[in-house]
Amino acid sequence: MKPALKFASAALVVGVFATVPLWGSAVLVQFGINALILATLAQSWNIIGGYTGYPSFGNSVFYGLGGYGVAIAMVQYHLSFALGLILGATLAVLFAFLIGLPVLRLRGHYFAIATLGLAEVMTAIVSNLEIAGRNIGLILPLAKGDALFFELSLALVVVTTLTVAWISRSRFGFGLIAIRENEEAAAVMGVNTTLYKVLAFALCSVFSAVAGGIHAYWITYLDPGSAFDVALNVQMIIMAVFGGPGTIFGPILGAFALSAISEILASKITSLASIFFGVVIVVAIVFMPRGFADLIQNFRRLGWRYFQENLKAHRV
Amino acid sequence: MDTILEVRNLTKRFHGLQAIDRVTFTLERNQILGLIGPNGAGKTTLVSLVSGTLQPTEGSVLFEGKPIHRLAGFRRALLGIARTFQVMRPFPGLTVLDNVAVGALFGAAGSARQLAAARENANRWLHFVGLDHRARQRADALGGPDRKRLELAKALAMRPKLLLLDEVMAGLNPVEIEEVITVIKKVRDQGISIVVIEHVMKAIQSLSDRLLVLHHGEKIAEGKPEEVLRNDQVIAAYLGSKRR
Amino acid sequence: MQLLWQILVNGILLGGLYALMALGLVLVWGVLNIVNLAHGALIMLGAYACYYLFTGFGWDPFAALPAAMAMLFCLGYLIQRCVLNLVIRAPMFNSLLVTFGLEVVITYLAQFLFSADFRTVNPSYAGANFSFLGATVPLVRVLAFGIALALTVALWLFLEHTRIGRAIRATAQNLVAARLYGVNPRQLYALTFGIGAALAGAAGALYGVVSQINPYIGAGLTAKSFAIAIIGGLEKSIYVLVGGLFLGVVEALTALYIGPTYTDVVSFGILVLVLIVRPSGLLGRTA
């Protein structure tokens, strides 16, 4: 597809989405908000995980910091929502720089585990903080109505995706991809790998934090478990990987596809819904490990052999 | 004649193993220095110390008169030092063209800031090394000799002042070796100073202005190729592999 | 002083169990290069297996332990043979995500089958204590500690001194060479994962005796096992003893001197620190 056509169709889709609160049912709008927030998380993970190749299992920290930023600002200091978002985002960026520097020196699964450890530590720390309401959490002031949150979430996804689009055609993004493909070679060729990695980490922290802030205000309640939900980490990764890591639209597709599947399963088979979800994940990783985007690209060429090829390449 | 690279008393120890022992030498601008020695002599280690992949235990490295041995690898790249790797390091998922474009984007002088300009740049370097026909292929699909060409193109796209080549000729047939020699000479003619690590004796003889011989991490000889290769110590170090 | 000694004893007893918890994870990681996010879920299954043998058939929990191990071994073998063997040559990241999928399946299957209620395994001697150099020691905890220690040593002996154990270690180091010696990777991998699952099952059975269980404990136990594994060091399975004991004691001390709600902060904080400063673990050699 020509870039102009792509851009036009994307704009059209966004436009259509923006009208959903006008005609959609309450359930649809709520599903939309959840899916849009997850899409933002998947997309921002895409920056550090998909493009830079550092699979972070700790983005839930940024999400939680965003949520608590809003909660603390509004509940303890009676500031506005916007200021709360700024506070949350600032906390997240600070964290990304301070903790990012030492942790980004680790590779592959060590980095993954370190970020997972950080997610656990932050949950535990915050559940001991008085200002955050300890284990009990905080209750936020009642919000204006789902439509507002829908548009906010939609705007956030758009901004995040535009950023990713910029990354994919900028020198910065090229550097990130080089780091992912071969970090030592990238360094030898003049890429300031440390700076680039930390910047990527900081970028994804901002979007994740804002997502967390919006979510917190929307459900008007926050406690350490739900704010720093460690399971959320894997969820956003699955969505990004399912859709296609390192692509512009992959994570969004993945987020919506998996959210939809999850909703449909939940409404049809309730208790077994999650089980099927797990099965879907396993099957997807085995047969289409590079996500939907790759599947679409190569299915035309290979047809059903695409799945066979993946299997052959990865089995014992 | 001015000195572009000066190495003084460079020493590198790994957990008690002495890899490089008080090596000192200089390289004049626009010259080709051949770095030879038996396997395990420390040639790649020496090059890594100059490029910044490794940090020295003792001693110093000066580039254009300024000390660089404490600088990170990427900063030395920005100053104008480029190297190829013996065990090649392509960006596997990227096309051959984009592999070289990384060099054009992030290298030293004349680095393009826009992707389009960088790719154009990269095309020229692919042509220079003879890889244009593979520009759109994935880097990991390349065979041995083409991979070496790619390594070279990546380094050249950085517009370096000093180029460190690590066994670019290994595994090539005599025709290909001749091609590489021609290319390296063309590179030198563009004003780039070169350090070449090689095992192919005939090639390194015809290519180098001067030779430096390493053995067990120590410099055992330095000078004009004809003299160095007649040196008794050098012959003893190689013992039999001199004749090609 | 008395209190400190009691805390230390508690910590060491807990540490033994911790070591067993992480043992299966380390084995699978070292041999198969699989980071098993479903590890905690397997522990949870072992606990439930023991629970149902105890309440359903009246088996003494410590007698039920081998049965739980056997069941988990079969499950693990099947999981590896049918699912994980399919992604073993993919980037490690893929196996991470697949095991996450398995964790979801196992957890919600357990929720469906066993309900979300909290349960404990309460044998008649559950409240029995005895005194050890002035500290009160619950009988079940000592038994758990003893078994955990025995299994850890048993695994080490198995890997060092039996033919199969050596085949496993050889495959971990060099698959091509091992193949030349007649090793069938499919079976060997399945066997290894089965052993890892069996060890998780044992840890679960013991866990059920000393603590409450519900279907959701898996994720937390996985995270904890990671901490134990990394802190001890991944090089040799026996290092997990150090990780376990260290963390057990540290958590007990933290609960006493800082507060019980801070144990996770300290445990995972140490995990992150170890990764940053000394990734090979307390015992591992720095690369």
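Read from first to last, the chains carry the letters A, B and C; within each, the first residue is number 1.
Throughout what follows, contacts are C-beta pairs under 8 Å (C-beta built on N, C-alpha and C of every residue); 3 or more make two chains touch, one makes a residue touch a chain.
These numbers come from a predicted model, not from an experiment.
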Just to be sure I understand the contacts, which chains border both subunit C and subunit B? A
Chain whose mean Cα position lies farthest from subunit A: B
Can you check which chain pair, A-C or A-B, has more C-beta pairs in contact? A-C
Which chain would you call central, comparing Cα centres to the global Cα centre? A
Whole-angstrom distance, CA centroid of subunit B to CA centroid of subunit C, is 50
So the centre of each chain is just the mean of its C-alpha atoms; given that, what is the distance between subunit A and subunit C in Å? 31
The distance between the C-alpha centres of subunit A and subunit B, rounded to whole Å, is 42
Enumerate the residues of subunit A that touch no fewer than two other chains. none
Residues of subunit A that touch subunit C when the two form their complex: 55, 102-103, 105-106, 108-110, 112-114, 116-118, 120-121, 123-125, 127-128, 135, 230-231, 234, 237-238, 241, 271-272, 274-275, 277-282, 285-286, 289, 311, 313-316
Spell out the part of subunit C that touches subunit A in their complex, as residue ranges. 35, 37, 83, 85-90, 92-94, 96-98, 100-109, 111-112, 185-186, 189, 219, 223, 226-227, 230, 259, 261-265, 268-269, 271-272, 275-276, 279
The subunit A residues in contact with subunit B across the complex are 169-171, 174-175, 177-178, 180-182, 184-193
The subunit B residues in contact with subunit A across the complex are 51-53, 72-74, 77-78, 82-83, 85, 89-94, 98, 101-103, 105-108, 111, 113-115, 118, 154, 158
